[in-house]
Structure formats: C-alpha cells, structure tokens
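Once you've had a glance at the structure underneath, I'll fire off some questions.
Which chain is which? They are A, B, C and D, in the order written, and residues in each are numbered from 1.
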C-alpha cells in the first residue's frame, strides 16, 4: 500500500518539476497562468495522497480550499488580462493595454 | 467577464458555496483545521470572486463600504468585549472560565466569540483592502473630475470678480 | 554528510533567507523588493514550523488515541497569526508603491531618489531666488 | 523516511522557485511565480504537520496576496529595469547566511522529540486542551484561550493595517491636480519654475 503511495508521490513530484519549468520558461503569459494552475492542481493531489499516506485523511479540507483558491486566482488573472485592471472599466480615458 | 455566460453561471454557483465553506471553517475550527483567520480570508475570497466576475461597483452595492467599516471595528470590539465580559463576571481579562458555570462550556463559548470576532475583522479587512486596491483608478478619476469641476467653478467666479485666477499671474 | 541530511531543513531555510534578503537590499524595483520580503518571511515561517516537527508525530488535532505523538502546536499558533499580519503589512507596502508611482512616475528606487534630489534643488533655487 | 523525502523535495522546490522568481524581469511572471511559491510552501506545511498554517498560507498567500499584487501591477509599470548582480549586497547576504549556517550545528536535530522547545509548555497545552478546555484542535485552544492576548494584539494589527491602506489609497489624494503625463514631481518643479518666472517679471 505504502509503495503505491510512494510511486504516486514521485509521479506528482516529476509533474511538479515539469509544470515549474513551463512557468519559468513560458514564452507567453498564458503558459505561465496554465502552469501555475497545474502546480495548484498537483498540490491538491499531493495533499490528498499524502493525507492517506500519513494515515490522517481528514485533512482533505485543505485540498478543497486549494481547489477553490486556485480557481479564484486564475479567474482574477484572466480578468486582469482582459480588462487591464481588477476594478471597473473607466470609459472616460484610454484603456491600458493588456501585457 | 461580465458578458461571459459560462463564468457568470459558474461564479453564481461557486460564490455561495465558498461562503458556506468559510462558515464551516469558522465554526468547525474547534474540531478540525480552521478558525477565524482562515474563515475570514475565505469569505473575502468569495467577495473578490464576485467583484472580479460581476464588476466592482456591483460588489460595492452588495457589500457596502459603510457596513464593511463597521465590520472591521465590530470584530475587534467583540474580541475586546468578551474580555470585558469576563472581567465583569469577576475574573481576569479574557479568562473564559467565568463566563459559565461549566468550565468546558465556558471555554467553548469564549473561544467561539473570540474566533467569530477575528473572522469578522479579517473578512472585512481583506474586502476593504481589495476594494481600495481595485477601486484606486476609479477613485482618482472621480476625485479628478470633482477637482476639475471645482477649479472651473472657482475660475468662473474669479473671472466674474475681475480677479486673476492664478497666483503666478499676480506677480 | 549525515549531519547535513539531518539538518537539511535548516540549511535550505537559510538559503531561502539569503535569496530573499539579497532581493530586498539589492534590487531597485519595489515590487521585487516586496516579493523578496515575502520569500524572507516564508523562510522564517518554515524555520519555526521545522522546529515544531517531531519525528513520527502527527498534526496537533487530538485523535483520542492516547498513544499518538503530536507535533508542537506553539510554533503553528505563532506563524498562523504572522501569516495574516504579513499579508496586511504587504498590502500597506503595495499601497505605498502605488502612491509613489503616482507621485514620481517610477517604482525604481534609484530613479525616485534622483527625482527627489532634483525637486529639492528646484525648491532651493526657488527659495534662494528673492535674495539674489 | 517517506515524510523526509517529500519534505526534502518540496523545500528544494521552494529554493528553485525563489531563484527563478528573482531572475525574471517581467513583474507579471514574478507575481505568478510567487503564487506558485505560496502553494508549494503550503504543501510543505502539510507535510510538516502544520495543517492550520497550511490552511492560512493557501488562502492568504495564494489567494489574497496574488490578487493584491495583480491589482498593484495594473497601476504601476510591469517591467523591471535590468540589474547586474550587486557585489556588496550579495556579499552581505552570503556573509549573513554563512554566519547562520555555522550556528546551525548547535540546534537540536530536526525532528528530535527531546528538543528543549518540546518539553517546556507544549505538553501542558496538549493535555490541557483535552482535559481543561475540551477542544480537540490544540492550535485553536492555544490561539484563542491560552494566548488570547497575543491574538487580540494581532487582530488590532490587522485593523491598523486596514486603516492605513484606506488612508493611503481611498482617502484624500493630491494626484488629481495633475494633468495627463505629469507626475507630482513635474508639478512641483513647474511650480518652482512659475515662481522663478514671476520674480523675473516683477524684477
């Protein structure tokens, strides 16, 4: 049982490194957004697997929170891309262009 | 974001869920991981999501700044008030054993009140921070418009009096 | 070597601290300074939490089993509040950065310093004007 | 052993993220990487048994911090001026780190159960939380009951920070008097120039 959890943890670790490489190199900003999003997803997985590995699976709450926060973060970044600001459009002046 | 139906629907489903989760974290903090600090931040995150998806002015209508400021101070007051209550009951400041006859029930009550105060303050503070940061651009433009209006009015009044509008011209 | 393996966390925490410290004192960009400060902060958090860890221990949420060993809850309490206070102070820092940008049009600290000096000279010139 | 491997890997990952983050010049990438840093740090806290801390770090570091940083980036320039490595600060940082590393040898071993920090008040907290307070989560009972004054102070600090930010950002402001493309500084310089010109005319 423990062996399988170890294998899964190693797989998650390798995927984390790959996602991190994409976040660091990522030619466009969207690569970075996706990479950070998958780092978050992998962290959710890692916490779940580690919880069972450690014998205290009641900490799935944390994984739940991660998933929610990850979603909010991604939506905020996309809003920032589209509008250039997290607040309201201000029509009276020229908009700042997205990066 | 306002015109994207998928994101609007997902946000409508998710915002109440996140708020419910925040309340779960707040009141389940005695038995599992969680507590006032975490719950406050999660609750604020739900409002951030609302502001990002539906627009800041809508979020300000849903969660008015006036009441938000009251929340910021009410949390600290609730925390301090619990301490004062225990003093009135004849014990030291923040000594919950005096709140009730049964010691465990007293501790539970004290921790519940204090954690709720922390949660209220943290949630309101985080919302206030986000509104202040995201609303900065609108704030500047609004004040600029008012200032320009006032300058124009003052200039008109000065022109009517035949006096120069600028100090520099007086020299 | 076994010493390094046994104290691995402490060594890596210090490397993290050095990185954050360098960013705070050497980089001119204020947003980068703030991120460096956050890295510094996280390294301190990590040190505290590492100190609180006990081998074979579990999270300090009572299981009802008398035999279980719990990690030390005290560092957790200190760091939990420190994280929330940390984000509040970070927000004050970002707010000041926004105002500095509105006032000087740049967030590089050497450029801000040059502008402040130039403005000081302009003021002195203007004040010295009536005497000459 | 499994815990040690996961712990060592995650904390090594943190260093990699920090190095990469300090080397990018686009502030947007910097903010994204600091979000990833927080997420990894939170996973590390779970491995080190600090579940409450992990909860807070995930909500604060990855959520609110990232959003505030993005809101800041929408108001300030998004590129950093390229910098060479500054020798003196690098020397200071390395010297500080070296001093600390030398003193690590005196710390109790990582994970040792008989370290001084574990035998002072922590056992009292753990047994008291069960018998006296009746709250299973020891962190909550220490936070709200044993160290209630401490938490009151932290709450007041957060309150103060909110007041400060509201005064700085949402209160009275001088920026509106400026025209497009002007900064406060050009405004002051312009005033000085105006005064000078005025005197010349008067003279």
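One rule holds for everything that comes next: a residue touches a chain if its C-beta (ideal position, glycine included) is under 8 Å from a C-beta of that chain, and two chains touch if they have at least 3 such contacts.
Treat the numbers as computed from the prediction; the structure is a model and nothing was measured.
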Touching chain C and also chain D, the following chains: A, B
Reference chain A; chain at largest CA-centroid distance: B
Pair exhibiting more inter-chain C-beta contacts, B-D or B-C: B-D
Mean-CA-position distance for chain D and chain A (Å): 19
Distance from the mean Cα position of chain C to that of chain B, given in whole angstrom: 24
Centre-of-Cα separation between chain B and chain A, whole angstrom: 26
Multi-chain contact sites of chain C, meaning residues that touch two or more partners: 58-59, 61, 80-81, 83-84, 88, 91, 94-95, 98, 102
Overlap residues in chain B, where contacts from two or more other chains coincide: 25, 31-35, 37-38, 41-42, 45, 48, 122, 125, 129-130, 132-137, 140
Residues of chain A engaged with two or more neighbouring chains: 54, 58-59, 61-62, 65, 69, 72, 76, 85-87
Arrangement of touching chains [line / ring / star / complete / other]: complete
In the complex, chain A residues that touch chain D: 2, 5-6, 9, 13, 16-17, 20, 23-24, 26, 29, 32-33, 35-36, 39-40, 43, 46-47, 50-51, 53-54, 59, 61-62, 65-66, 69-70, 72-73, 76-77, 80, 84-87, 96, 99
Residue ranges of chain B in contact with chain D within the complex: 25, 29-35, 37-38, 41-42, 44-45, 48, 72-73, 75-76, 79-80, 83, 93-94, 96, 103-104, 107-108, 110-111, 114-115, 117-118, 121-122, 124-126, 128-137, 139-140, 143-144, 146-148, 168, 170-171
Interfacial residue positions of chain C with respect to chain B in the complex: 59, 61, 80-81, 83-84, 88, 91, 94-95, 98, 102
Chain A-facing residues of chain C, complex: 58-59, 61, 63
Interfacial residue positions of chain A with respect to chain B in the complex: 58-59, 61-62, 64-65, 68-69, 71-72, 75-76, 78-79, 82-83, 85-88, 90, 92-93
